[in-house]
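The following pair of complexes shares a single chain, chain A, combined with chain B in the former and chain C in the latter.
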Partner chain A sequence: MIAPATEARIYKILSDLSAVPQQQIKRGDRLREDLGLDSVSSMELVSMLSEEFSIDVELEEAVRITDVAGLLALAENRIGDA
Partner chain B sequence: MAPEVLVLGSNGFIGLHVVDALRAEGVEPRCGRRPRSNVLGLRSRKARMVPADLDDPASLDAAMQGVHTVVHLAGHYPRTSTDRPGTLALGERQSRAVIAAAHRARVSRLVYVSSTATVAPRRDGPSSEDDRFARPPAHGLYHDLKWTMESIFEAAADLDVRIALPAGCIGPGDLRLGTSALIVALARGDDPPHPDGIVSLVDPRDAAIGIARMALREAAPRRVILSQSSVPLHGLLVALSRRYGVREPCAPMSPRVAKALADDAERQAVASHSRPRMVREIVDLVVHGVPLRGDLAEQTLGLRYRPFSDSLSDFETWASRLGFFPTPPEARP
Partner chain C sequence: MLDTAAPPAPVARPSLAALAPPGELDVVEALVDPLDRFCRDRIDPRENDRRKSIPADVLDGLKEMGLFGLSLPESHGGCGLGLWATGSIAAVIARRDRSVATTLGLHLGLGTRGLVRYGSADQQDRYLPRLASGEILAAFATTEPAAGSDLSALRCTLSEVEGALALRGQKCFVTNGGLASLYTVSTRSPGLGGMRKGQTLVLVERGDAGVCVGAEEDKLGLRASSTTMLDFDDVALGAERILGPVGQGAACLQHILAYGRTVMAFGCTGTAHAALAATRNHCSVRVQFGRTLDQLAVVREQLADMEAKLFAIEALVRWAATDESKLEWRSLAAKVLASDLSGEIVDTALQLHGGYGFIEETGIALLARDARITRIFEGANDVLRVHRGLFALTQAPEGPQAARCRDAIGEARARLGTRLLGDHVTLHRLGSLAMLADAATAALQRADHEGTPEARALAARWLRLSMSYALCLGGES
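This part shows the complex of A and B:
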């Protein structure tokens, strides 16, 4: 289970990049269709996440993340590994 | 002792390969990065990153402190050709900012990575480094922007400037699917609309080796084309359609129709914040493409271009791994 503080930091990054208010972002949101992030912005998002939490993310993993749930799952798995 | 080298645009398609090429030459570069850029490639390489934003002179001053050579791959690259005054002004301002910071930091050499769009045609055969438009070629915004920025760097005083002119890059790492977008569309079974003309190609790893050697070798020429081959685009797409077992692409459009279609696609894309189906810059590069000589790099930098088939195979393998390609192609020419 991802820590609430970690989840909040991820939503803050999402909000900064998408300009969607943090409170309006939901776990089920899709990065492109719901948050308006194109493929370039989505990669920037994963990159910001990797820097924020000092985790290494391979490109192959990054391109497969298409929604907020995927992003949270990545954080949950990898922050525990870090 | 290896010189201190700063790479601006180090996290980009060619930039990451330049980092690898510099390392292969024994140099551990400083890698400039903007605050929000995708640095996954730099992080996986455990690269030395420093903040460097072309719109933030203080960050450039700090990044260039103690640097001998700057490799500049971060020149403005417009995503569309819809804002001519704004694009030209931004490209000019950022170019002057890099030069001013290099002067303040007493940088010795600057390798500016320009584009083959600045190479003029010649009547008696393929164009070489000596063939440069005397004024902006007026083919489109991309050509004029590249000409303008290159001219600014060429005129920089008290700085040893070298100009690298890489052709369209086909190879691993093209995350934004720029030059390779047509190949991917074709492999997916789409029928990408396209004009015909000469396209010049190079593997980004070879271009990067050339750029790294221009940064490090005292006797590197002032202007170097990095191009493995020049071929007609439509013929290339037909050959690739056979390679991928898909139907042959439609006949090429006339330049006039292609430009109009690209302009329209870009206007729609800007309005809807999406990616245009056709890009004016690519249309201009194809329609006005000229055959190029890439042999100066071989003679003076010891560059050995790998065969295009190797570049293509490596691109396909990489793109398949990332899910850009439908399946790894089995047919080989």
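This part shows the complex of A and C:
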């Protein structure tokens, strides 16, 4: 389970990129349809995540992320690995 | 005064057979000569530029030839031709007048592609027959005052008010805006379809209450084509006007834009062809230092470079148009390099015309003005380079010049790791290298297809030029 503080930091990044207020972002949100992120800003998101938590994400893995739940799962996995 | 009425020296016509999909070559070949004649006899590009419009008889003539239905389905009165054929015809018109080619190309590409691909049977029955005959024209409205390349910033909003849909907002730089009767409009549609930030495409008729078409813009080029703003003041729309899945307009847009930008790229080859033909003609009659310009080695080199660039972009646009499953990324190189290189060709044409290129009489100045926008509209080139860079990360380019790009990707991944995904400067460079690899693949395929010594020589010259572009990008490793 991802730590609440980590989840909040991820939501902060999502909010900065999408301009959706942090409190309104939910696990089930889709990056494009609910947060309005296009393919370029979705990749930017993964880049920001990697910098924030000093983790490395395979590019092939990054392009498969389409929703917040996927992003949280990735972070949980990688931060656990780190 | 220079004799500009002399017949232009021959420039090799694009070999239509190269990369032609089965069944389309015959149709296009049958159209090219009559269309070429029509363009020469009936279209006066400088007069159109001066009057800032296309005469009705020119548009009527194109309608009579069935050109407004080229890419529309046969079941609805169109010709049912694919992108390769549609683009090839647009290129023929662009050789004569880019404004006319833009008007028709926009109708066939961005204007109707959404309806053809995503339209319901009712929508297609209602609009396609009249669009195919040219009775009505189509336009595509997505750019807004605050949303250009960044389509996620759309403000034009489709909302549900007491069970009905209402459209409110403003679109700008709408090509065909003043001529069209049907607009495909991209909107943000918060809440619709259960998506908080979804986008939805809608069909808007010019006569819908609340639609206001702005005045014609005063432009640098393409002055005979129509470009206006559109205002939507709470336009009431029925659900039957929604085009494609609710909330998923952004995904639909990707296909429509890829298709439209490829048609536009074909137009760039027409402009480049016109510039080269005029320059060959000028250089064959203009005498300096006791010889015609085309006997001077420095000039001959520049003419050869122009021809190699034209060869490459003709190959590239046809390569992009022949495989729709790869259109989303192949169209990126086609659009960017066709616009960049046709711009270079026109600039060299102007230079070789000397002072004559700077006056309107020779038509080179018009070509230069018309060409400039192509690097901006249908996706700004710098943005598309970043997109191609992202594609290249997961689908490394293939072909004879792809190793340079793959090495650069490997180096960037090792240096930046995941941060590469947010490093737009590096992605821009990688995208540029990937596009050069795409162009090399297309040029060599064309040379193989044509199988002539001339084609092989032009491909080889393009590869050498391409190397120098890559060196400028630091892709020599």
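The working rule: the second predicted complex is superposed on the first by the 82 of 82 C-alpha atoms of A that agree within 3 Å, B and C clash if a C-alpha of one lies under 4 Å from a C-alpha of the other, contacts with A are read in each partner's own complex, and residues count from 1 in each chain.
Heads up, the rule we're going with is that a contact is a pair of C-beta atoms (placed from the backbone, for glycine too) under 8 Å apart; a residue touches a chain by one contact, two chains touch by 3 or more.
Fair warning: this is a prediction, and the values are worked out from it, not measured in the lab.
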For A:51, select first, second, both or neither according to whether it touches chain B, chain C, the two together, or no partner.
both
Partner chain(s) touched by A:22 [first = chain B, second = chain C, both, neither]:
neither
In the superposed arrangement, does A:77 touch chain B (first), chain C (second), both or neither?
neither
Residues of chain A touched: more by chain B or chain C?
C
Which parts of chain A are in contact with chain B and also with chain C?
36, 38-40, 43-44, 46-48, 50-51, 56-57, 59-60, 62-63
Residue positions on chain B within touch of chain A in the complex are 36-41, 43-44, 175-176, 273-275, 321-323
List of chain C residues in touch with chain A within their complex
151-152, 188, 195-198, 247-248, 250-251, 386-387, 390, 393-394, 413, 417-424
Contacting residues of chain A [partner chain B, same complex]:
17, 36, 38-40, 43-44, 46-48, 50-51, 56-60, 62-64
Sites on chain A touched by chain C in the complex:
18, 20, 24, 29-30, 32-41, 43-44, 46-51, 55-57, 59-60, 62-63
